[in-house]
């Protein structure tokens, strides 16, 4: 019963099928340009929101490190210790792995430091100069954790040369609390946003697929395998992902441009030195690849649910 | 080749579309399926196409029971069948030519060959000048002919035609029947559901008559003819 | 040529049409429950995001007022002024409209206050007690602006009894900078989110309407006026709005429940006294009414664009 | 009552669906429109229904030029016409009965009256038992009959029927023609596009013959009959 159908070779069929699917998947969004634009914008927004949060987080991380540095440690030296001994002690401290820098301050320097505070300076100017003890001021490396600092201080405080150690415990604990809160909020919003993005993304892609329901059904009926049926729709999803990823990156660039000036003026007021960073080239590439994978996956999932839902007719 | 063995199909409880239908169609046969509106003609074709599941009984095609076919074998099975749908079912976003070529592309033919064959098929059904139109720009009869061309272009083993001349005038219907007869002479089995008695009378083929889901008559061309 | 059609009365037709449209609009989402659920969730998310920002803003506004209060003003009195004169002066200050409270501090109290700071207390304990000038501490009302405080201070500083006035200018300016930044960010995000919500909302409602395109077309062809055609779709939009509004409010409640603990622990660390407020009943009602109006409007707009797009066939 | 005055309709440049067609249909007349597939039958009905704009010429209905009708008057105009579509066009999410009743509800009838009349119409077309089915659960012929019932249930002034018997067997077609004749006897103008020559011959009515968009013949029942 077979006629001279000249059934083509399997591999060349496969390649041919993919080529066709790519060009079809590419053309599909252009059949209804306005609708596709809306879909792409929606997807772009879906990618934009978590991307924005992520970029902010990257910036905050950097900021946090510079803040941690500000809590320097003051070691008050016993008045019995002379200047030479102090010098040796300073060198010992400098050699410790967590210490970035250390220096001896005399009482004038301390007063000078105190007088930077507007309210205190008035008081200080009214106080007759008085002997303050010698003091070593220590800065630790940015990576140092609060626990490491705790250990460092405990070790020093048993040293007989040390009268008292003061460090801004409060600053560090406040910073920790702030970081924890932001982390918690970031976690909650990441969770929420992933939910949101999933719902909207699935809905958007599913709508796009449902629009082609009859087409899917017909392809099945004229004998296309399920892989053939869905192929061009998967490519369509991929193209949507690429477009949406690009637009999301553009959105990020625009909103960081906007934010930069605002943040800069704020930061100057607080005397912190940071600059807002956008996305690097690698990060942009990563974003587009991820968005492409996500839409591909979403298309795949809603295609299989479409297959399961297929009513008999 | 096609064998219905006491096949029933019911939708819900009291809605039987087919009752206990049995018949056999030999390979290379051409026959008509007729009956009043709602008799179950389309249902028989849909069962063969695996668009619906059999409720009771067994359908064998080429000796294989199709109701227990593995789902990954269904596409290959369907590629052996060309179906003409009563409601045309053309893809709106493809031109007439693309619609027909699709049927070949799915079977793995190259684009060049697909379009060559598709063009030839369009000429055969007489709407070569509409090749680059979209289906919704055609009249119903033209759409129907596109559906016919799509069904036979890949030369499948079986052609199932559901009311292929419902939107065509008698002259065109006869022209199309000539195409079917030519395909039949190549060895293709052809099953035509139709209530065009004029046509059925003219063609002198075997006729199965359905009435409310039951097969009430089976006229062979050799035996006395079906005269309604 | 008229037959006995018994054409019904116009007003009863109108009422009847609306009744039917309401029940149809109500039933429409239930025809494809899963799809409608997705639509409602998407809309709810659209309403949730700006609503969340708005609620946070309400809370921040309250917080800001309590912060402003913290910057109290210290007036140092000339040593020539005796205790009785100081008392009269205190009364004068207390009578000023912007002053909430004022009190005289002596040098011990000042030292006491200074020793609250961990780092300073060490220094102070090392300094022998010294005569500090008398000082009046003033708190202003929360509503007072920075400008009003400026005027107040300028007026006082020309008073001969006053030696020096110290107030935490930095704190106020930092607060102002922070508020400005937040306001700017809130503006940008409000703008972005309104854009986002508009895109997604329009897309979602438009999809819902496109699903019924054939229905719209057919109703037109069998002689329904455009008002009749769109009526049940408008009600459908309204019902979507109500459902989405309710879900958005539930989302807000859930996320505030989550945030509350986190914020509380943060706030304790900074010694600020606030509690996070959710939405009041009136606010909830307002939200649902607004979401209903928005979806109604979106449905109306995408219906008319549907009418304009209608191809001839 | 219906007057075509040198009407042309073209889609794009070289695609003329109607060329210079002129004819007049009196109020209360019943006539057929025939011609090969793609001759322009559906186009004439679509122009009357304001589903397409005239490219050239003028169509008058009850003395009014319909191409310059204000858009807010179109619904009322369409309510005077009942159209049977070649592709049925039933609402998928409404039952058969709802589909028919809708036509009355739109005209402002109460639900009770609408459903009573809709039920009566269903009985007339012979599918009373399918009242609560959805259109996609019907056979094509049954769907077509729902479309017919919807068109005449509100007793409009004009009925336009596009291939109303395309999916029906000859017996049923004749039954339906009897309904049309009865409606016609109430004074309703009826225009039927059909290529069912058997039917046309039986009914002995006026016949307009189209060929590639041109009106080539106009047979009156009084004069010599159209015999293809």
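A, B, C and D label the chains in the order they appear, each numbered from 1.
Convention: a residue touches a chain if its C-beta (ideal position, glycine included) is under 8 Å from a C-beta of that chain, and two chains touch if they have at least 3 such contacts.
Keep in mind that this is a model prediction, so the values were computed, not measured.
Engineer: Farthest chain from subunit A, going by the mean of C-alpha atoms per chain?
Structural biologist: Of all the other chains, the one whose centre lies farthest from subunit A is D.
Engineer: Roughly how many whole angstrom separate the Cα centroids of subunit A and subunit B?
Structural biologist: 60
Engineer: What whole-Å value do you get for the distance between subunit B and subunit C if each is reduced to the mean of its CA atoms?
Structural biologist: Here the centre of subunit C sits 65 Å away from the centre of subunit B.
Engineer: Quick one: subunit B and subunit D, Cα centre-to-centre, how many Å?
Structural biologist: Here subunit B and subunit D have centroids separated by 29 Å.
Engineer: Give me the residues of subunit A that touch two or more other chains.
Structural biologist: Touching at least two other chains: 313.
Engineer: Residues of subunit D that touch two or more other chains: which are they?
Structural biologist: Subunit D, residues with two or more chain partners: not present.
Engineer: Draw the chains as points, connect those that touch, then say whether the picture is a line, ring, star, complete or other.
Structural biologist: If you draw each chain as a dot and join those that touch, you get a single closed ring.
Engineer: What are all the chain pairs that meet the touch criterion?
Structural biologist: Applying the touch criterion to every chain pair yields A-B, A-C, B-D, C-D.
Engineer: In the complex, go through subunit A and note every residue touching subunit C.
Structural biologist: On the subunit A side, the touching residues are 35, 38-39, 41-42, 45, 49, 74, 76, 110, 114, 118-120, 122-123, 126-128, 130, 132-133, 164, 166, 168-170, 173-174, 177-178, 180-181, 184-185, 188, 192, 196, 199-200, 202-204, 206-207, 210-211, 255, 258-259, 262-263, 265-266, 269-270.
Engineer: Report the residues of subunit C in contact with subunit D in the complex, numbered from low to high.
Structural biologist: Subunit C residues touching subunit D: 1, 3, 5, 7-8, 10, 12-13, 16-17, 20, 31, 214-215, 218-226, 228, 312-313.
Engineer: Flag every residue of subunit B that touches subunit D in the complex, lowest number first.
Structural biologist: My answer: residues 11, 34-38, 42, 86-87, 127, 137-142, 144-145, 163, 166-172, 195, 197-198, 228.
Engineer: Note which residues of subunit D are touching subunit C in the complex, please.
Structural biologist: Touch list, subunit D to subunit C: 27, 46, 49, 51-53, 72, 75-81, 83, 89, 91, 93, 102-103, 105-111, 150, 154-155, 157, 186-187.
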